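Provided herewith is a single structure, encoded as structure tokens, for subsequent inquiry.
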Amino acid sequence: MFLRNEWYVAGFSREFVERPVQRWLLGEPLVLYRSTSGRAVILEDRCPHRGAPLSSGEVCGESLACGYHGFTFDPSGTCIHIPGMTTIPARARVRSYTVIERWGWVFVWMGDANRADESRLPDYHWLADPGWVGGSEYLQVKANYGYVRDNLLDLTHARYVHRKTLGTAAVTDHPIRTETYGRGVRVTREMPGIEPSPFFKRMGGFTGRVDHRQRIDFTPPCHVVINTRVSSVAGSGENRSAEFYVLNALTPENERSTHYFWGLMRNFALGDESVTETQQTLNRETFFEDLAILEQQQVLLDCKPVDWKPVAIRNDGGCILAERLMDKLLAAEHDKKEQK
Amino acid sequence: MFLRNEWYVAGFSREFVERPVQRWLLGEPLVLYRSTSGRAVILEDRCPHRGAPLSSGEVCGESLACGYHGFTFDPSGTCIHIPGMTTIPARARVRSYTVIERWGWVFVWMGDANRADESRLPDYHWLADPGWVGGSEYLQVKANYGYVRDNLLDLTHARYVHRKTLGTAAVTDHPIRTETYGRGVRVTREMPGIEPSPFFKRMGGFTGRVDHRQRIDFTPPCHVVINTRVSSVAGSGENRSAEFYVLNALTPENERSTHYFWGLMRNFALGDESVTETQQTLNRETFFEDLAILEQQQVLLDCKPVDWKPVAIRNDGGCILAERLMDKLLAAEHDKKEQK
Amino acid sequence: MFLRNEWYVAGFSREFVERPVQRWLLGEPLVLYRSTSGRAVILEDRCPHRGAPLSSGEVCGESLACGYHGFTFDPSGTCIHIPGMTTIPARARVRSYTVIERWGWVFVWMGDANRADESRLPDYHWLADPGWVGGSEYLQVKANYGYVRDNLLDLTHARYVHRKTLGTAAVTDHPIRTETYGRGVRVTREMPGIEPSPFFKRMGGFTGRVDHRQRIDFTPPCHVVINTRVSSVAGSGENRSAEFYVLNALTPENERSTHYFWGLMRNFALGDESVTETQQTLNRETFFEDLAILEQQQVLLDCKPVDWKPVAIRNDGGCILAERLMDKLLAAEHDKKEQK
């Protein structure tokens, strides 16, 4: 099903407030809240007493009191108070999840807390780097997170899905280079001396020909960092350069739905708020174009004939490598569980 | 699944009119109508001819004619007329259900008609007792009727779910007494000398301390009668007393949905319509607070881990006794069916 | 499930335009488009590359380019272009379906293209015959197409479902004659010297008694042609005659939903547009009355007891013959598939 011993994005820091919120991750109900001292906490959202949602309750200091009969749990998931009782049954606890809050995003380790490994946190530092500005947003996609990952690993779709914004014939005319990178997969496409896409004409002010590089890094289980660098061709009379990072955390809500957290950061026009507004609006519209196709893929592949297999082409190199990697990791985690 | 040889509330008298109505009970489609002579009738809502709903048809005297091809059934479910036919096939009949109409509510026996036992009718006589006034209403709850029953059998939830209306810390500070009572279970909580809840302050005009007694009677399969009596503490300077009956019939629509018929009757301010309006409004709002939690319970327990078991505490005494009783009755009815 | 080697109506000619459209037939996703040269084309709507909908794409001449990565398919379903590729994998193809466009309707052969047999096209020629005028419309029915067929094969329902429009007691007072006819079933009812129905009073201007004949022809898999002829009784002082053809193509969307394409053609008042408007409006309202019952039948029969069997009467003669015929054809097609 899903890799458990990995970091997923559970939400933005701004979503962790004193009023608890329910969110489903990997098919499980979680409650998200911020304690009085400011800590971001994630617990199982199912009270061990009667199965009521803790998210119906109230934050009391560091703890959360269920909204049904007041069972109160600390951030470790231990029940510390039951109204009308002096002793607390040992089984009165909910699962708690290890959380790291960084760069304005909140990461959750969905597996064995003892194995939670900060060194494996995906790198989204551009979100909080003073050399970069931009914004981050949320989109729910009613499709498996794998379809979203494949969408990002093969950017040739821009020519068709985003023909009015990002599209440029160059993406299909220039081949990709695929390689393993860190724990994941890197796909690179160099497009030297091409006509800039409508997006870069508008955002970066390019008029002449440009060198355009796309670099896509996938890190398991669901992190995709896209770097796009555009610079004027030497001798074109212009001397401009612009770079974007598109940060994509594709957290499975369940097998058929994805919490899509995305950030878009640039390294130019740092003080110009209106550029941020424009880039966010354009990107949001672009992602809505993907949404329609991704959700249809889910429907169409849910009822595919038993012998249906995708036809692979050269541009699928990154998708195929990523899929194989995920299959290997899922099998390994499954084997480890079986051995116990 | 469900106990069959029991009385359930099928609707209010005011819902049985000449125009037939479809209602699902225990997962089965029924048609409810009132015949020309005034009799409340309940039949299976599936014509034996082509499976069309009889509820699409018209009442003709005592009988009901299907709205598709005119097959006509009398209150016993026997087909008495088929247009264009002079003989009627023996198999042309629908199931009919024994009905008792009393106190403005309509009760239906969902099992073997020969065993329909009026002496087992649940007691809701306060609805039509001249010493009591109030009203009755309907609420659909998208949750199993057992969750609603448990909600009513443990009123400590009032402190959390209804903290703005019924809530008082006293409910968790005073223990309950649990006992078998009639065919069911009785839970009693005595709270002597407590601060009156916001509800009783407003409804009964209490200002000083009160003796507050809750008595909850559960009768299988789904009847819960709650009696609340509040009276001024001796020597408090006041001399008031007020009593309510909350009458709760939790008829399963199916495994995941409940027709919740409730009445609220009081023995004071008998002639004051505005008090009725206020009590109904407050109670309605109170039940909406429960609704949100009950429907979430259904969702969260539908996907509970295989080894999940509720943690029980002292206040669950009534719930546990009621659940055991229902399990025993269900097993007995199932065994009897197997023997046949 | 469904007969494959048969003609179904996929849509009206007016629905095949340059912008591709998704429509599900027999539980499968299809894309409908009209090529630049004017040809109506139907392909499987699932790109063999990644399962995206071809209907998200664009028509390019005779072909259709997928809206995700630009795979382009000709009307035979062969992939003729993949952006960035010089060779095309042999497996890159979608299923294509044989189409015949006639009388303003588009017919599709859902089985083996080699067996597509134009001589078996159902006869709906009245749609384009200069001696007849009328209109054709679409209705989605959330019920199995067999329930719609049965509705049309037993017109006695008019007396109940359509009592305000088509209804006349005569339909149940006069018996039907049932016979095999061509590949299908014919049901005839003669009603000499009856009072005209409200519909014929209004549409045909009849005031005195009439001879009314209904003739219903069912042709597998889902074609029902109803001819209604009304003429003044000899010696009634009137000398009028009017005839209608109701053309019904009941294409399964899936097991529980039907695309209902219907036409209504008359042989009188040929030049009067207002009569067309009136007849279409009346018929549309009439079909909405059926819709409510048909969709309830689906719900009620989905949960029927295991031993439930319909009670058959004389007027079901046509329904029963049609059902037996369909069962025989389905079994034969299934056997043929098994032998392969």
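When the chains are written out, they are named A, B and C in that same order, and each has its own residue count from 1.
Rule of thumb we're sticking to: contacts are C-beta pairs under 8 Å (C-beta built on N, C-alpha and C of every residue); 3 or more make two chains touch, one makes a residue touch a chain.
Computed from a prediction, not measured in an experiment: that's the story for all the values here.
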{"item": "Superposition rotation for chain A onto chain C, Cα-based, multiple of 5°", "value": "120"}
{"item": "Interface residue overlap between copies chain B and chain C, same or different (over half shared)", "value": "different"}
{"item": "Between chain C and chain B, distance of the C-alpha-averaged centres to the nearest whole Å", "value": "47"}
{"item": "Multi-partner residues of chain B (each touching 2 or more other chains)", "value": "none"}
{"item": "Residue ranges of chain B in contact with chain A within the complex", "value": "150, 154, 156-157, 159-161, 172-173, 175, 292-293, 296-297, 299-301, 303-304, 308-316"}
{"item": "Residues of chain B that touch chain C when the two form their complex", "value": "27-29, 45-46, 48-53, 56-57, 65-70, 82-85, 89, 91-92"}
